[in-house]
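Given below, in the form of structure tokens, are the structures.
Two complexes follow with chain A in common, the first pairing it with chain B and the second with chain C.
Moving on to the complex of A and B:
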């Protein structure tokens, strides 16, 4: 990663190769944080546990900062005003919390379990939202454009699906979820593996969806800005297009956070209270 | 040139660690890194447990309570509305009944007055008729009395005249009776 960065900074006029390196450097993970141009903060680095590299990388730092921001929002800035109508940040946060609880949790998982699992989905929603929005601030980087991060979140959904299914339906009932009723018995031979694959494909789709949306948006923005590197002053009009895509990315940040949470809730709800 | 060779040496060294990220930088974006997956879980659950205790649970609970109190106060307001409606309805019925009774009383009074007036008129008429009948019979009696007196006077007078004419004494009763007989035969 750092060698690619030095390549980009050395060969300033070689065109395509450097632009791609520049783009990849900006959207990918790295070992150092560059909050301001020219200021590089090397992070933890080489901390290996059981052969897995657990050093603090840029995206890991972004995760921690996002956690800190969410905690700041709800733990400190949210002032509980139980005796009158809410206002300010409390109002905005409450609107979002109510939205997630009512339209997403209770709607897809049911009244009782939905309210019980609401903290999970609230966490999903706000973490993904804050991570997405942080990616739009030049100071930070988009952690959700990292497939490992989205995969981690989707694996949490998968775990909830499996555990929820087993707890609500029993172990035998869990496997019966993959044998939908109203189907001639002979078809089960094909249907059971397909349904089982469906169980794993759903979180996989969650992963790819969030990852590709975030990554794609940022690649487009950086590619458009890279035109300035390639063409010098003639590339400056691409700023307008980059600005437009930037606003689009803002919208996509909210939408993708909502979709991720909603689909997670839908999948978990299907496992816990099968509708068929 | 020398720089390029050093760079190449660096790259081959890193390739020996079989790290695809350095031969083809683009593919690093789509290859999951287990370390990052674990970091994601770490941060997610850390935030979840901290906020669940300090933020999510209290906030959700206070939202529930507010919804409960809103529902209760709406229920109370509806109940108060309904009882007010009932009270108004009762009041209206009472007023209507009162009005009806008053109209009935007025009606009755009018009827009674008319009936009394009729009765009085009837009585007066009967009284007057009785008086007229009495007067008539009185008149007839008086008439008959007067006629009888006249008849006796005429009888006496005619006896006197006849006695004068006949120069005889017809004062006794037998003659008077005879004269009356003749009178009756003449008049009757």
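Moving on to the complex of A and C:
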């Protein structure tokens, strides 16, 4: 794989033809990391286990770095002060944690179970938030714009939905969740498969939403910058537009982390405490 | 007559129409609700964001399909 700088010059030489290929290449996963133009760090892990490629890729590295950042924030920078009001980064983290615990977990899962499951959803929130924000920093790449990453996150939600449903309602009660009361018995023949499909469609929707939001936003930014390659100096005003979309992406990074956590909590809460 | 990128672009436009109408209706109704009952604005806003996110999910799904068609 050639470096980013030569890619850009190739794209410039052949006009706007290669811009779209260049954009797609840059939001995708790869085997090497380009922190700066012209600098390529090969991650080249050719490590196969049971026929599955488990070598380190760019997005896997981003996941590890995000884990490190979250650990740094909560393991080292967070200082618990029970005698006086928190300040600095501790204050910011406590505000976010309280928001997730009270507005998301307790709201959708219930007082007791919500507080018990709060660490689980806090993991979701901060992991997705850090991954989204890392995608907006030039050094890093967006791991949440990779469908495998978001599917992995959504599979954790699916597992939690199934485990939560079985633990709270029992095995028989779990399957009764798919038989809503108040409908004629004959309708169950159609309704049961549909409700069972709903169990898998919910995490699938979570997957697509986060993946497409992050991918879409980054493609828009790249395409606006690509106008410069297509139109030369006349494309320079698109920088302002790209900056606007960048700030929109900052907002979207927070909103998507919030939505992912909230919908996960809602789905898990529905399985644990069926309203119908 | 139509090329694949052109059709993908038209598809993306249709997705925007659908999602715009859907999210617009949700936001409009939320505005109505909030102006009638300002004290319930927090709950209405949360419900609005959930509904908008669900519509947005479908819209993005279609947008991804358009993107896949574009790269064929």
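Quick note on the criterion: the second predicted complex is superposed on the first by the 261 of 276 C-alpha atoms of A that agree within 3 Å, B and C clash if a C-alpha of one lies under 4 Å from a C-alpha of the other, contacts with A are read in each partner's own complex, and residues count from 1 in each chain.
Note that contacts are C-beta pairs under 8 Å (C-beta built on N, C-alpha and C of every residue); 3 or more make two chains touch, one makes a residue touch a chain.
Not measured: the values here are computed from a predicted model.
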Report for A:118: first if it touches chain B alone, second if chain C alone, otherwise both or neither.
-> first
Is A:160 in contact with chain B, with chain C, with both, or with neither (first, second, both, neither)?
-> neither
For A:24, select first, second, both or neither according to whether it touches chain B, chain C, the two together, or no partner.
-> both
Could you tell me if A:59 is touching chain B, chain C, both of them or neither one (first, second, both, neither)?
-> first
Just chain B (first), just chain C (second), both, or neither: which does A:67 touch?
-> first
Partner with the higher number of touched chain A residues, chain C or chain B | B
Which of the two partners, first being chain B and second being chain C, lies in contact with A:151: first, second, both, or neither?
-> first
Tell me which partner A:75 touches in the superposition: chain B (first), chain C (second), both or neither.
-> first
Chain B and chain C footprints on chain A meet at residues 20, 24, 215
How about chain A: which of its residues touch chain B in the complex?
-> 1, 3-4, 20-21, 24, 27-29, 52-55, 57, 59-60, 63-64, 66-67, 70-71, 74-75, 78, 80, 82, 94, 97-98, 101, 115, 118-120, 122-123, 127, 145-149, 151-153, 155-156, 215
Chain A contacts chain C in the complex at 20, 24, 205, 208-209, 211-213, 215-216, 219, 255, 259, 262-263, 266
For the complex, which residues does chain C have touching chain A?
-> 46, 49-50, 53-54, 56-58, 60-61, 63-64, 67, 70-71
Taking the complex as given, what residues does chain B use to touch chain A?
-> 7, 10-11, 14, 21-22, 25-26, 28-41, 43-44, 46-48, 50-52, 54-60, 62-66
